[in-house]
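Single-structure report; data block below.
Naming follows writing order (A, B and C), and every chain is counted from residue 1.
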Amino acid sequence: MQLDSKIPAGSLAEKWTKHKFNVKLVNPANKRKYDIIVVGTGLAGAAAAASFAELGYNVNAFCFQDSPRRAHSIAAQGGINAAKNYTNEGDSVHRLFYDTIKGGDFRAREANVHRLAEVSNDIIDQCVAQGVPFAREYGGLLDNRSFGGSLVSRTFYAKGQTGQQLLLGAYSALSRQIALGKVKMHTRTEMLDVVMVDGKARGIITRNLITGKIEAHSAHAVVLATGGYSNVYFLSTNAMGSNVTAAWRAHRKGALFANPSYTQIHPTCIPVHGTQQSKLTLMSESLRNDGRVWVPRTKGDTRKAKDIPEAERFYYLEEKYPTFGNLVPRDVASRNAKYMCDQGYGVGASKLAVYLDFKDSIKRLGKKAIEEKYGNLFDMYQQITNSNPYEEPMMIYPAPHYTMGGLWVDYNLMTNLTGLYAIGEANFSDHGANRLGASALMQGLADGYFVIPYTIGDYLATQKYDKIPTDHPEFKKALDENKAHLESILSRKGTKTPDEIHIELGRIMMNYCGMSRTAEGLQEARKKVQQLQHDFKNNLKMVGTNDELNITLEKANRVEDFLELGELMILDALNRNESCGGHFREEYQTPEGEALRNDNDFAYVAAWEYTGGAGKDPVLHKEELEFENVKLTQRSYK
Amino acid sequence: MNWFTRTLTSSIGRKLVMSLTGLFLCSFLVVHLIGNFQLLKTDSGEAFNAYAKFMTTFPLIKFISYGLYAGILLHIIQGILLTLENGKARPVAYAYSKAGDTSSWASRNMGLLGTVIFLFLAGHMTQFWGRMHFGEMPMVNLANGDSVKDLYKITMEAFAQPIMVALYVLAMVALAFHLLHGFKSAFQTLGLTHKKYTPTIETLGYVFAIVIPAAFAVIPILVFLMTNK
Amino acid sequence: MEHTGRSYTIKVWRQKNAQAQGSIQTYPLKDISPDMSFLEMLDILNEQLLQKGEDPIAFDHDCREGICGMCSLFINGRAHGPLTTTTCQLHMRSFENNETIFIEPWRAKPFPVIKDLVVDRTAFDRIIQAGGYVTVRTGSAPDANEILIPKAIADEAMDAASCIGCGACVAACKNASAMLFVSAKVSQLALLPQGQSERKQRAERMVAQMDAEGFGACTNTGACAAECPKQISLVNIARLNREYLSAKISSDNVEEYVPIK
């Protein structure tokens, strides 16, 4: 298989503009003859669905929650980047492009990232016009804050609820189109499969989560905007329902899965406590603007934080990285926290935590200013941990948070399956091996509002209007297969619950394919995951039927895909004999313990082809990354 | 239905009616109270009877009184409708509810309080207003020679009975609670809230809700004490 | 951190589906850590039920961070339990050892029970569809800084916009009124310059849809705001009343609203 990224020719800064001119257009009067399926109505999906409908296409949109307003995007706290340069610090499209490419440790496509930086400004305009209440200065103009991996303040925010406000903006645009009848919204509906007819994606199979009804939906193109797969670790900052099922089922149908081992472990999360925890809570990275990270200088110090004098505190990020200090990129911050704890400097009951201290900022800016910026985060922290961060430093530890890997897509955001698109966190496209803070929201909205509305027209313009009825043999076949599959899962009456298997999988993935990895460990992990896959087949405990709201079935259905994905992540991590961004192989590090890339052998996107699962190894396809505009350097934040 | 009736029958419209009629009835309470104070004058009912005569015969007052009857009726009918409709919005009740943690008792029982006040009003109207308008009344001569119905006498007789006084006081307690919520609620419904003025309205509401019913209640008690000396 | 296991008696509403009759069932539960979240306690109960071959209790939840608005539950007589957080942010340290805990679904005619503790809140979506938006086509916006918004206004709009659509206001209100939810959205957009063009129509249509859904009328008891996990204030309801009444008086719309189904 030859991977064609379809990157337009021309100079970097002109590619997107030229491409927009070159794409084929669909006559406005003909747009209503095309149907588009959008699976997932988070930032990316809601933005795309609303924009398609505004253009005149008929849209069927799907989400598993009871409302599009609840997609996982709602939880994003910190903010969204744009190259507006409202702060007069010398920001520009090129600087945002460069920071993002560098932040991703030079493992992303130049052309995609540049396009992302170009449309970033339009996103802010669009959202403000929708009524998103971004933070303002007294004069009425927009305010910015800074985020990790950048030396300019370019992050727009709405208190600590930026994702919520952006999603509600997209949701309102979507709601308008639902009222107009241009979008038909299917809530509490989970996608099970993609249906291919004559080599093109022409529909999906879904399960109604209330009635269990398995249904077929037909369209001219299918867009997946189903988010990331951090829940493969069980404990992550993602919402409980976030899953890989939609992307994975597409993968099983032939869509390539790219860079699955690129996962982001976020440095500022509330540490794990106890054994019954169901999820981890992120404390926005923006906290690193005003909080200082430290551990005691002596190992195993058991004194309370406030009893440790200033001289005995090790502000390790500030000392090691004087230029970026507490604002180094996430992978660097996480790895350092892990390193400190592994060395015995950790704090708290579990010794798996470091301090994030606001004492100095409160002294400098006053409690009120801190409360205004982070009040809701502080409240949340106190609610969960029963400790007051205005008085004691927070305790934080890294947690799985975001997945840079995802379905492989070309410049048009189409997967290798004709007519099947992937946008938002579900694709692999823009962040390379590490994502900078405040750029996932930017990418999701860029894809949904400003990229796919153009590129999908390029494809549809070449397609006939005829609709495929859902009693077509391919649809029937897919329906029957999926029904049979669910029945087979339901018939298992072993002893392990889906959650038990998921928790075990999470532990394996975190230990062997988390913040740091070794060839040996990964091989070990693969065996363990295969054993779990075996357990899932032979020793799963199920109850109930398919014809009802069945939470056990929902979980099992998702866990099955995580089990297969887990194995692929391990293979990908094994294959990549280098360290880059979030992928840290202990064998490959600089003397100072930083990630050591191997640009000669690994400057490529690893795109995996499914070959039948269980025992049959997937096939690797490489898309070489070409860097014409940036020089590949060892990342330095010192 | 045209836009106007549709507005008045919408959820907010119904509340608007409750609010406006409620505030109107509040103003009536003040006027009524001024009259009642005449009972305390030691002029054997001269002032009170003159007031009663004025209130029942002066054309403008008569005109306003029709508005008042309409206001009371609207307030009652709308109140009943609202209570019924609101009940329908929760067909299955909670098995266990701690509503008291989040709202005042009065605010949740406006219907009940209103019913008590209504029952009182019905008795009150037949006893005094009905007799005054349609019943047999003793007559008395005022200082200026006019012969008027002696409402003073009937009132004094009524308030000499402990049961009457007790019922009256009970009704005033209900009224106080009704006003405690109703007064400020009326302003909220009209959208009249403001950082500067709302605290004043709320204080005024408390004062009104306590002082007016208390003043009404004090009169029968005093009369009772005076007549049963 | 304490790690003593506590015991509870859980009394929970079980209902097989929308048509079935429901009832309260009792389950004893042991070894619960006070640091555990309320939903983790339910997870444990569910794992135990599943191990016994019984159907676990269905309840809505997703982010478990207090922001998606998916979790609900009427706990011990209060929407989202004894604190003013969401249920997912409630921890077992808020309950005494050996306490009996009642768990019921939101109760309102427009929120019918789907199963156990799961209710249908799509009525809220339809209210937003009726007018909770600014009409702006993708790509047609002016530069963001061309719209000046004083900080105080932006902050007030932000406070109103914080609503997570959880429905606790409806659940807590004795009239099952949705006024706090509706007023939050109407306020946000009425405060901002972007919302002015559709201001009157928005208030009229959203209230009409709210009424059509069967929510009760607001009688200003204040239970909604007292229970709202996002501290949406009653001032918004007053503003909605004002917006609605002035729109009704001054708008030139005389058509009857056709509710969204």
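Just so we're on the same page, a contact is a pair of C-beta atoms (placed from the backbone, for glycine too) under 8 Å apart; a residue touches a chain by one contact, two chains touch by 3 or more.
Keep in mind that this is a model prediction, so the values were computed, not measured.
S.K.: Would you identify the shape of the chain contact graph, picking one of line, ring, star, complete or other?
M.R.: Looks like a simple chain-to-chain line, open at both ends.
S.K.: With chain centres defined as mean CA positions, report which chain is farthest from chain A.
M.R.: The most remote chain is B.
S.K.: Which chain, with its centre taken as the mean C-alpha position, is closest to the global C-alpha centre?
M.R.: C
S.K.: Round to the nearest whole Å and give the separation of the Cα centres of chain B and chain C.
M.R.: The mean C-alpha positions of chain B and chain C differ by 37 Å.
S.K.: Would you kindly tell me how far, in whole Å, the mean C-alpha position of chain C lies from that of chain A?
M.R.: 27
S.K.: Could you grab the centroid distance between chain A and chain B? Build each centroid from C-alpha atoms only and quote it in angstrom.
M.R.: Here the centre of chain B sits 63 Å away from the centre of chain A.
S.K.: For chain B, jot down the residues that touch at least 2 other chains.
M.R.: Answer for chain B, listing residues that touch two or more other chains: there are none.
S.K.: Across the complex, what residues on chain A touch chain C?
M.R.: Residues in contact with chain C: 47, 50-51, 54, 65-72, 74-75, 84, 86, 122, 124-131, 133-142, 158-159, 161, 164-165, 168, 171-173, 175-176, 178-179, 185, 187, 210, 239-241, 273-274, 276-279, 281-282, 349, 380, 383-384, 386, 449-450, 453, 497, 499-500, 541, 543-544, 548-552.
S.K.: Per the contact definition, I'd like the list of chain C residues that touch chain A in the complex.
M.R.: So the residues of chain C touching chain A come out as 1, 3, 16-17, 33, 35-37, 39-40, 43-44, 46-47, 50-51, 53-56, 58, 60-70, 85, 89, 91, 93, 114-115, 118, 120-122, 124-125, 128-130, 132-145, 147-151, 154-155, 157-158, 161-162, 164-165, 188-189, 192, 194-195, 260.
S.K.: How about chain B: which of its residues touch chain C in the complex?
M.R.: 1-3, 6-7, 10-16, 82, 85-86, 88-99, 101-104, 107-108, 110, 181, 184-185, 188-193
S.K.: Spell out the part of chain C that touches chain B in their complex, as residue ranges.
M.R.: Spelled out, the residues of chain C in touch with chain B are 13, 24, 74, 76-78, 82, 102, 104, 107-110, 172, 174-177, 179, 207-208, 210-211, 214-223, 226-227, 234-235, 237-245, 248, 253-254, 256.
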